[in-house]
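Just so it is clear, A, B, C, D, E and F label the chains in written order, and each chain counts residues from 1 on its own.
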Amino acid sequence: MTQPTKNAAKKRPVPTKRSPVVKGAKAPAHSAAEDDVKITALKLPPGKLSPQMQAYFDKCDEKLGFVPNVLKAFAFEDAKLQAFVDYRQQLVQNAETLSKLEIEMIATVVSSQNRCFYCITAHGNGVRQLGDPVLGQMMVMNYRAARLGKRQRAMLDFAVKLTVAPWEIEEEDRERLRRAGFTDRDIWDIASVAAFYNMTNRLASATDMRPNSVYHGQAR
Amino acid sequence: MTQPTKNAAKKRPVPTKRSPVVKGAKAPAHSAAEDDVKITALKLPPGKLSPQMQAYFDKCDEKLGFVPNVLKAFAFEDAKLQAFVDYRQQLVQNAETLSKLEIEMIATVVSSQNRCFYCITAHGNGVRQLGDPVLGQMMVMNYRAARLGKRQRAMLDFAVKLTVAPWEIEEEDRERLRRAGFTDRDIWDIASVAAFYNMTNRLASATDMRPNSVYHGQAR
Amino acid sequence: MTQPTKNAAKKRPVPTKRSPVVKGAKAPAHSAAEDDVKITALKLPPGKLSPQMQAYFDKCDEKLGFVPNVLKAFAFEDAKLQAFVDYRQQLVQNAETLSKLEIEMIATVVSSQNRCFYCITAHGNGVRQLGDPVLGQMMVMNYRAARLGKRQRAMLDFAVKLTVAPWEIEEEDRERLRRAGFTDRDIWDIASVAAFYNMTNRLASATDMRPNSVYHGQAR
Amino acid sequence: MTQPTKNAAKKRPVPTKRSPVVKGAKAPAHSAAEDDVKITALKLPPGKLSPQMQAYFDKCDEKLGFVPNVLKAFAFEDAKLQAFVDYRQQLVQNAETLSKLEIEMIATVVSSQNRCFYCITAHGNGVRQLGDPVLGQMMVMNYRAARLGKRQRAMLDFAVKLTVAPWEIEEEDRERLRRAGFTDRDIWDIASVAAFYNMTNRLASATDMRPNSVYHGQAR
Amino acid sequence: MTQPTKNAAKKRPVPTKRSPVVKGAKAPAHSAAEDDVKITALKLPPGKLSPQMQAYFDKCDEKLGFVPNVLKAFAFEDAKLQAFVDYRQQLVQNAETLSKLEIEMIATVVSSQNRCFYCITAHGNGVRQLGDPVLGQMMVMNYRAARLGKRQRAMLDFAVKLTVAPWEIEEEDRERLRRAGFTDRDIWDIASVAAFYNMTNRLASATDMRPNSVYHGQAR
Amino acid sequence: MTQPTKNAAKKRPVPTKRSPVVKGAKAPAHSAAEDDVKITALKLPPGKLSPQMQAYFDKCDEKLGFVPNVLKAFAFEDAKLQAFVDYRQQLVQNAETLSKLEIEMIATVVSSQNRCFYCITAHGNGVRQLGDPVLGQMMVMNYRAARLGKRQRAMLDFAVKLTVAPWEIEEEDRERLRRAGFTDRDIWDIASVAAFYNMTNRLASATDMRPNSVYHGQAR
């Protein structure tokens, strides 16, 4: 998918100077920097960004130094992009008491369960930035290895069960969250965040969405 | 959750005259009509609907005769409801070539895979309405029993694999869709619909969301 | 498989006036009424019914208005049909304290676990008839959504575990049934019913057995 | 369960002179010979055998030297026992072209998949008797290790898929059997045998049914 | 793989006089005795045994009457064979308090979980020899059928969980072992034995390693 | 487990200056640097290193700047440590044509399948060092996201199948490796490496083995 906005040209990450994967015949033809150019496996004609979305992209550039590829992937149709940004704002970021770190922890653990390259990369980075590098690694690899308090452990256990066997969630699962100090509104928020990444994981996997290469080296 | 809008009072389904499940000691205390009153297991204080959302609810009442409980469940915060309605409009309903029936077929099959009582009920009804009653049943029970053409079979196989093992989706899965006549935009749409219901299934399961009782008897 | 008895001719359901699933190129060539003619994917030469079995078929016609397709499927050899009818009578229907509804609940939940189109259809109908329509739907979709008493919940949990992981059944599983009020004879009956439908589910799936179309609309 | 017939007394296997499992504190209180006395975990009052069933038991004693415990387990009610014996005769043993060995191979492989102690023991013995000891072991452990011809491999692959994921059986699975030389009647028979042992496996697991100790040492 | 040592010639098991599996067209071309000649599916040029390894093989011949095929399989390179023998000695056989029987029980149960023909055969024999024949069968078929004491049941539950879902092992799993009387050193030993057979199971399955035919008939 | 060698004191990694995970009440009491002190959940009395093993530890210190914790974990008994080091040398590192990078790729992908925190950390680092950082991430998250050539893809598919369902490996799996250019010796080596990490993953998970904190930041 060709990047449909002016941002791509302006901010394309400098090709990394990393050496090819393997010398000689075994070297893959693919380098990480390509992921910043060909974002998904789908050829979708570029759309035109509305002023609001252009402003949003500019803000990403300013704050992060890049526009996350997931946004570019939606940008083939401005109305879809807008709806995605709004939904994420309202149903993920506007949690009442969950911290930003906790939201990133849920996102990473759910994405690890679904083995989604894009989302583990982006949200593992989020945990590294807001928490610490090792916590980020544990969320990627096996959250059970982290020595979490009762609250965060209950939160992640719920998110994982909701990901793997949603049909088995029952009142006793909600009760365990309440016993760990969560309100009913928190339960909604945990469910909403976990459910959202179950959606994006599948959108990313369905389209082979590639994470911005810059994520990999941050906050290590 | 108490229904936060005027609609509940106005349109509450008449208690069905169905006899209790089992006579005597075994009868469950629960009847289907309760599902129209206590919509989820969470106690969330009612929010105030914006004029747009109130108008949307009124339109539901007018067209369907009721407001789907999923909308009432989101209505504890108008901005969340608005974002949900918009996202669903843009990323599910605005598919380019998928028919309304095909969208409902994907929704039902994904929800059946996740054994989500709310979503199977609502979208199984959708397939019955737009397709026919038996097709609806087959989507609920086992879509492989339906004698579908190549296009719809490939579409549902993709949606199910994306639901069950998203990490195994690769280029050959997209190629199979292309060979069945789908464009890259269609692949986005199929993925988007399947991913969306993987989200709502989990939100419904996490909160024990109950479908409007009226769905059960429609289009049989 | 050609229907080997006089019943088929006499009682063949009137072709439903349902419109084809999708207009145009997407319409499946198959309609539900065909399921009443071509019952399985196997071409087995018709057998001759014994007087007893003919009487049994006549009684079905009289009481139900049709002969269940599973019986027609066995009828290619009268001795097999007889053995099936007897076994079902003795090991399913002659339960000591399980109610008819409870037997249908086990049958539906086991069949849902095995995603068997034939058996979910036939026994989901049984639950709708003996219990109520919504209970029937919950048994089909996810029995955990039903607000069952301790007895029926324990009964169905046992049946599902026995279906999914029979090797993990141990004394504590039987003890849970006893604590829910079941006798050892009841445990035999629950096991016998669940085991029986694990058999018929597989016979139906192996042969693509199709349920009588009349089931779909009953007791809605 | 107390053995309800005269056979138990007459033919109870001589307690084996095998030493206890482990010397000292670790020795389990249980020896194999107990399995010939306490056949299931259920206490079901003994029934009275009809003359036909008594004759059948006598024939077992005469031919095998013992009455298989599964028959004793059903004998708490003569009508159930009769129905079981008839069904097995008609739907398992009366296969058209499957050899007795092939029937035992299916029974063992299905039972191994369901990890059923009773049925693996009894039918593994069957394969050892009718085939050879090593073939019996391979059916118990992993049938893929046996170097089977196309016919038997296709037969067992079908039986295993029907056991593990019956909902995925489709026309191409039946076609593979046909290409391996099986008729539609054979497909019925293979399905019928595999389905039957999926039933008995669950009945045995649900009741902790114990195989006659004499099986273990035969045909080694 | 051709057997690289003098042992093969010297001690090759006498071809068993077992009749072919099935008479006529269905008979597999393979007999158990072939497993003593063609040990794996890989053609690896024979290596030369060091004096130590030759002595070890001679000791096997003397004590067991044969050299286990797994040793012959490693013998294409003496250093690999030596490392395998040493590792097994140190990390499996040198357990502190686990009995030889308990080690064989873990080996058999892990191998049964992984359905490894070679290892179930060899270690099932080990349990038969050190314990008793029926205990051996139960370890092969379903260890839950054995009436084990708390110690051995906890040990095998841990080994199975470690085999099936190692990522879910947590402190409470270790605590259960401690409550059953195991020391931290015992936990290491149980884990080490279970982990080792998870390795050999995969090496055997990857190479289609065949057990010595002599195992099958021993200690029955 | 207390570190039994002089190395711990000499080379203990400087506590990182990373801030605690979360400020306030949610902060876990655990920091990554603790992983360099308390290596496993087992309290095993320290052993004495032989001169050879001491030399090996010194060489690790010299080359890597630290002794990998897995070696310290085995060091409670020198003979076990020695056997582990030798086995790994012979059966993992002495592969004939597999490159060091390929060995690390197999190790990481197998460990990711088993969600082993220790081994993913150590071998993900190996892939980053020998390959490149992004390849390392893809091996950790989902190897299917990497655009590998036929050889490496076949190699990893085999390793994953051998990890997840070893009982389903058959001649056609080996044939696929041969078609990708691997010799029989290579097949042994791939199997040997994959099998080895299936062992260490389980040893690490069973004991909650913690990776050296220094791994996390290397080669990013």
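Methods note: contacts are C-beta pairs under 8 Å (C-beta built on N, C-alpha and C of every residue); 3 or more make two chains touch, one makes a residue touch a chain.
Since this is a predicted model, take the numbers as computed values, not measurements.
Number of steps on the shortest path from chain A to chain D, with steps defined by chain touch: 2.
Taking B-D and A-F together, the chain pair joined by more C-beta contacts is A-F.
If you average the Cα atoms of chain C and of chain F, the two centres end up 52 Å apart.
Mean C-alpha position of chain A lies 45 Å from that of chain E. Along chain B, residues 115-116, 142, 167, 170, 208 each make contact with two or more other chains. If each chain is drawn as a node and touching chains are joined, the picture fits none of the line, ring, star or complete shapes. Chain pairs that touch one another: A-B, A-C, A-E, A-F, B-C, B-D, B-F, C-D, C-E, D-E, D-F, E-F. Interface of chain F with chain D (complex): residues 167-168, 170. Across the complex, chain A meets chain E through its residues 142, 144.
Against chain A, the residues of chain F that register as touching in their complex are 18-22, 26, 28-32, 99, 101-102, 112, 115-117, 120-121, 131-135, 137-138, 140-142, 145-149, 151-152, 208, 213, 216-217, 220. Those residues of chain D that touch chain C in the complex are listed here as 41-44, 76-77, 79-80, 82-84, 86-87, 89-91, 94, 114-116, 158, 162-163, 166-167, 169-171, 174, 184-185, 187-188, 190-192, 194-196, 198-203, 205-208.
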